[in-house]
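Naming follows writing order (A, B, C and D), and every chain is counted from residue 1.
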Amino acid sequence: MKISGSYNLPVAPERAYQILQDPAILAQAMPGCESLEQIGPDEYRMKMKVLLAALSGQFEGKVRIADQAPPTSFRLIVEGSGRIGFLKGDGLLKLSPPDAGAAGLTVVSYEGDAQVGGTMAAVGQRLIDGTAKMMIRKFFDKLASLAG
Amino acid sequence: MKINLSINGKSYSQDVEPRLLLIHFLREVAGLTGTHMGCETSLCGACTVELNGKAIKSCTMFAVQANGAEIVTVEGLANNGKLDPVQEAFWNEHGLQCGFCTPGMIMASKQILDRNPSPTEEEVRHGLEGNVCRCTGYQHIVNAVKAAAAGAGK
Amino acid sequence: MIAQKFEYTAPKSLDEALHLLASGAKPLAGGMSLIPMMKLRLAAPEHLVDLRTIKDLNYIREAGGQLHIGATASHYEIESSALLRQKCPLLTETAAAIGDVQVRNMGTIGGSVAHADPAADYPAALQALEAKFVLNGAKSERTVSAADFFVDAFTTTLEPGEILREVIVPIDDARTGTSYQKMVQPASGFAIVGVAVRVRQNARKVSFARIGVTGLSNHAYRATAAEKALEGKTPSANDIQNAAALVAQGVDANSDLHASADYRKHLAAVHAARAIKSAISRIT
Amino acid sequence: MATTTTKTETFVGKRIRRREDPRLITGTATYVEDIQMPGMHYAVILRSPHAAARIRSIDTKKAVSAPGVVCVFTGKDTKGVGAVPCGVAMPDLRVPQHTILATERVYFVGHPVAVVVARDRYLARDAADLIEVDYEVLPAVADPEKALAKGAPAVHPQWPDNVAFTYHQDGGNIDKAFAEADVVVKQRIVSQRLVPMAMETRGVVAEWRGADRQLNLYTSTQIPHLVRTIVAAMLGLEENRMRVIAPEVGGGFGSKLNVYAEEALMGYVSMKIQKPVKWIESRRENFTCTIHGRGHVDYYEVAAKRDGTILGIKLKLIQDVGAYHQLLTPLIPQLSVLMMPGLYNTQNIRGDIIGVFTNCVPTDAYRGAGRPEATHGIERMVDILAAELKMDPAEIRLKNFVTKDKFPYPTATGLMYDSGDYATPLKKALDLVGYVKLRQEQADLRKQGKYMGIGISTYGEICAIGPSPATPAGGWESATVKIEPSGKVTILTGACPHGQGEETTFAQIAADELGVGLDDILVIRGDTAVVQYGIGTFGSRATAVGGTALYYALQDLKAKIKKFGEMLLESDDVSLMIGQVIDNKSGKAKTFQEIAGAAYRALKLPPNTEPGLLATRFWEPPNFTFPFGAHIVVTDIDDETGQIKIRRYVAVDDCGNILNPLIVDGQVHGGVAQGLGQALWEQAVYDDNGQLVTGELTDYAVPRAQMMPWIESHHTCTPSPINPLGVKGVGEAGTIGCSPAVVNSVVDALSPLGVRHLDMPLTPEKIWKVVAKKN
């Protein structure tokens, strides 16, 4: 599944780039993230609890940051698996000042692929797209609130 | 948890795990294997039984939720060897082939006729929305429900 | 096929239920969404509190010029309610479009609304009806409008420990016409899109229009631009078409195997037009 | 006098309600899941969530010590069990080792990895969650054309090109035909993967009786005897120590014409734990682990003269095999090639098949098995040709049909069509639907910008499968008829019908032959310990082959009855009628009961005659049968939503003689429903990573009552000369005839927009996109 979109963060690109790679902030912003622990350069072990309506599942996985080009772009790779299935996201995040050039604002645009497997994929087709969008939205909303 | 319920007029009192599905209670505790499990997403209707007069899917209900209820399964329809008119009509009209969906189909058909004694073809089809049959293409089932309705009107 | 273990309580009263919910138990109503998820082990609540055993949650009655529907009123009870058929036919029409007979016999309005499935049928009608929901916690009671209640996919303003106790809908006068039009996803029976319309005419002029849309995006919403485009007009076929075209405007539409975002938006407009025409034709 | 019912009426050809129904409508039939035994254990199978992965390790410790668990087995434990076999022999067929549990790698989502056995199935399910499998996920490929591309992931590392087999067949002179053609039309046609979705999922109960060295295996199968032969071999058990019982079977449609890993696995488990064990497939497993059908990408080319005469047909067929060969996987597309010419008189064909491995569940026989794909292909191509030549689709068919004076007709693919009269059902269908008027109406509607279509499909099929040289494991069928000492008649059929109604039709045949009542007859099937070896029910064969075996067994038995009659009546001129043997001279009679009594008491025997009244025949059919027919579908299209409404469905099927019209109609309706399912709704969709995203009824749409049109079912009758009953078979006709009629109708409706072809399923969105492009 292709995922793309963009979000405005109320900070300058340099700051945005920094917080998008700050494990302490990411841990707070990622929906359901219970822990994020560094295991190597740009690599983190993650524990996540997804709660969505009645659906609940524990996921364990990795977050990896690659292809860094501060402060304009980097690649984010997230992998997790649990009893109810697994998910994998691989996307490029691009940071740029808004067209109008307003200071203290960054447009984060993202484009990538998401894979979902296991029971979630087999029975949740009509929900995956909307859910992914919601999780991303929640992530950026939280990030925005933490950025200030 | 202890539950009491009546199935086909017979009382059962049993200690059950809350997660025991009603269909498993019917099949394994009460030994009534006519009700079938055809899916796990509440979409096939093979497990349809009547609970307090309403057709429900017994695979989407825990036995504990049926505490105190009166249940009728396909085994409870025939009376002293005399078939229910819906059963008779399914037989006469060839409303079944492999038979696996049939108990659920018959229970859903009874619900249609309980609420609407002379349904149109469209109403019958609408009333069977919750039940999948992979053998008959439904046409003979529709004929059966209509025949049962016509028979009851006589 | 088999759920994980859980504890089950059949409370006698709402207070008892709310007390258990406050300590972390989850509510179980008809179970039409929850139980399949539990069987597939996508959901594993530790403690379920059965709301259906509470007698005074199941009612449909008229009071204070409004209609009050208890949380555990089943879709079938709503579909077949003479009171609702007469005073809120949009709700009976919508209830009749849900799932199948067995699901309607067992599923409840409170369960469906609180679950907030983005493709559920009721939310479209409840948005169009500007319904109010009474939410109860162990120590609280508040009333929230449908417009505020639905937040996101499966996300509402319900706080942990709170339940939706009652749905309140208005009684419309005879100059109001309503309609619910739905494109069904053939596998699951859910709406690909569903549009509920409620219009009032005064001397052939639309004095009031409310349009609720489900299935299109992350939650049901009111298409206010389309409503405004109708109001004040004696709508021609063209006006209806133009208004309907606004229902999906600016919406971040969902996309799945059964319908792409573009097709969904198109269907929303088509069904909006059909629902508007049908609603107007039903004004007596 | 006689207690045996005597009668004067006959039964064959009548609408007789089924004798199997009382148990089914009262909920007292016994399916596999209904079997209970003392000491029963329950198995839950842990399956791979990945389409391709290496198994680094499996940790079963927690599961083994979970409450109620007796044992857990993995691929390491079951290494001694033989592989799940492919029943088809072909040159250069690549057969991967198909172990019953995965060992080093998993190849598709749902691949069995471990089995948990517990005293309670809830506890077994709980313990399955405790098994920890460490997978190294590998790239997967789920699309057969992508799998053929350079650089695609190799499903099986030893075969990097993913080619499972190739097959080539030439008939006549195809190059000459294309060189001489005035017109050549080409089209890529997809016949998508489908889930058979029998209402009863698969299930197995295995009961090992160690002291007897006896394994009883209850399994929901169409082929109990073949299961016995193969599973016994897999388990290293003597075949006569194994008994396979197919109790009530809740639908198969080809999906239970197979031998599955779980059948051997449950045998293995029961032998290990020395207790009975039950495994019931969940619907989710049924979608991911039971065979799928179809899975074709076909590239067609048809050469023709300007007057519409078809000169030759070329087909390049890409068959999505899946990760393994199941029992008949490579055979199915060969049936498509055999059927390439359809009903048309062309002697030039070329068929090429490439079977391709993908990281998906294997494909195999699903209702029609190769023949719906072929019919869909040729019937679409004929319409495309008609459009190209601006001919009427009915006219072009009538022009190209093999005419009825040409039978038996040898086809370019090496078949010998037994009998046929192809124009008659088409003309009848055209009359019934009111074709001329409909075309006028269509012209009027087009002026109003409305889309209405009329679609014709004239199909033929290969049925009564089949002569043994053409059928893996044999294509004959067996029957035994016994008259019990009391005069009652017992039939044992090797065909193992399961819902098709042969408990009734076979009784009809026997009742008429013997002159007894239906209630005097019992038909037994599905138990290898009771019934002589048989092949099974599939390929529209149960009545045409199994019924014929019964017919000949009845002739043998009648001869023996007469001998006893002659002896008892002391006459050399007797006839057999209404359940008695009558002396034609004196008019004296002996009832079957009296004759049976004498035959079993054996105080005196006719010359050269053994005691008892029993006859068994194994009948080898000399040829297939070739049913045919015409389906016409009228559709109206909602140009706003793209929804298709079927206004009329007219089916005129010719399946030879009809033994029971009620049952034949039921077969047609059910077949049409599955054809419509493919045409309009059903598709098994794997994503790029090999996840089955239509993995449940939530996303895989099967036809429901309110989705089905009224089917106007009619017949013509051209008896088959292949068997004395004159029957051809009808189980698959509806499915084979349906899908091209629907697609032809919709393409016809949209033809003013320049539409020439649409692939199935014809979802509203697909139609809307076509219509929206024009607007």
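One rule holds for everything that comes next: a residue touches a chain if its C-beta (ideal position, glycine included) is under 8 Å from a C-beta of that chain, and two chains touch if they have at least 3 such contacts.
The structure displayed is predicted, hence computed values, not measured ones.
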item	value
Top chain pair, ranked by number of contacting C-beta pairs	B-D
Distance between the centres, which are taken as Cα means, of chain D and chain A, whole angstrom	48
Chain B and chain D, separation of their C-alpha mean positions in angstrom	29
Distance from chain D to chain C - Cα centre to Cα centre, in angstrom	44
Contacts with two or more other chains, residues of chain C listed in rising order	1-2, 4-5, 38, 40-41, 185, 187-188, 257-258
Per-residue multi-chain contacts in chain B, two or more chains	17, 19, 37, 40-41, 43, 129, 131
Shared interface positions of chain D, touching two or more other chains	122, 129, 282, 284, 693-694, 696-699, 702, 704
Pairs of chains in contact (touch as defined earlier), listed by label	A-C, A-D, B-C, B-D, C-D
Touch list for chain A against partner chain D, complex	1, 81, 83, 85-86, 115-119, 121-123, 125-126
Interface residues, chain A side, partner chain C - complex	52-57, 83-84, 119-120, 123-131, 133-134, 137
Of all residues in chain B, those that touch chain C in their complex	1, 17-19, 21, 37, 40-43, 45, 48, 54-57, 59-62, 64-65, 67, 108, 111-112, 127, 129-131
Partner chain D, residues of chain B touching it in the complex	17, 19-20, 27, 32-41, 43-44, 46, 73-75, 77-78, 83, 87, 90-92, 94, 96-103, 106, 121-122, 124-126, 128-129, 131-142
Touch list for chain C against partner chain A, complex	26, 33-34, 37-38, 40-45, 115-119, 152-155, 185, 188, 190, 217-218, 252, 254-258
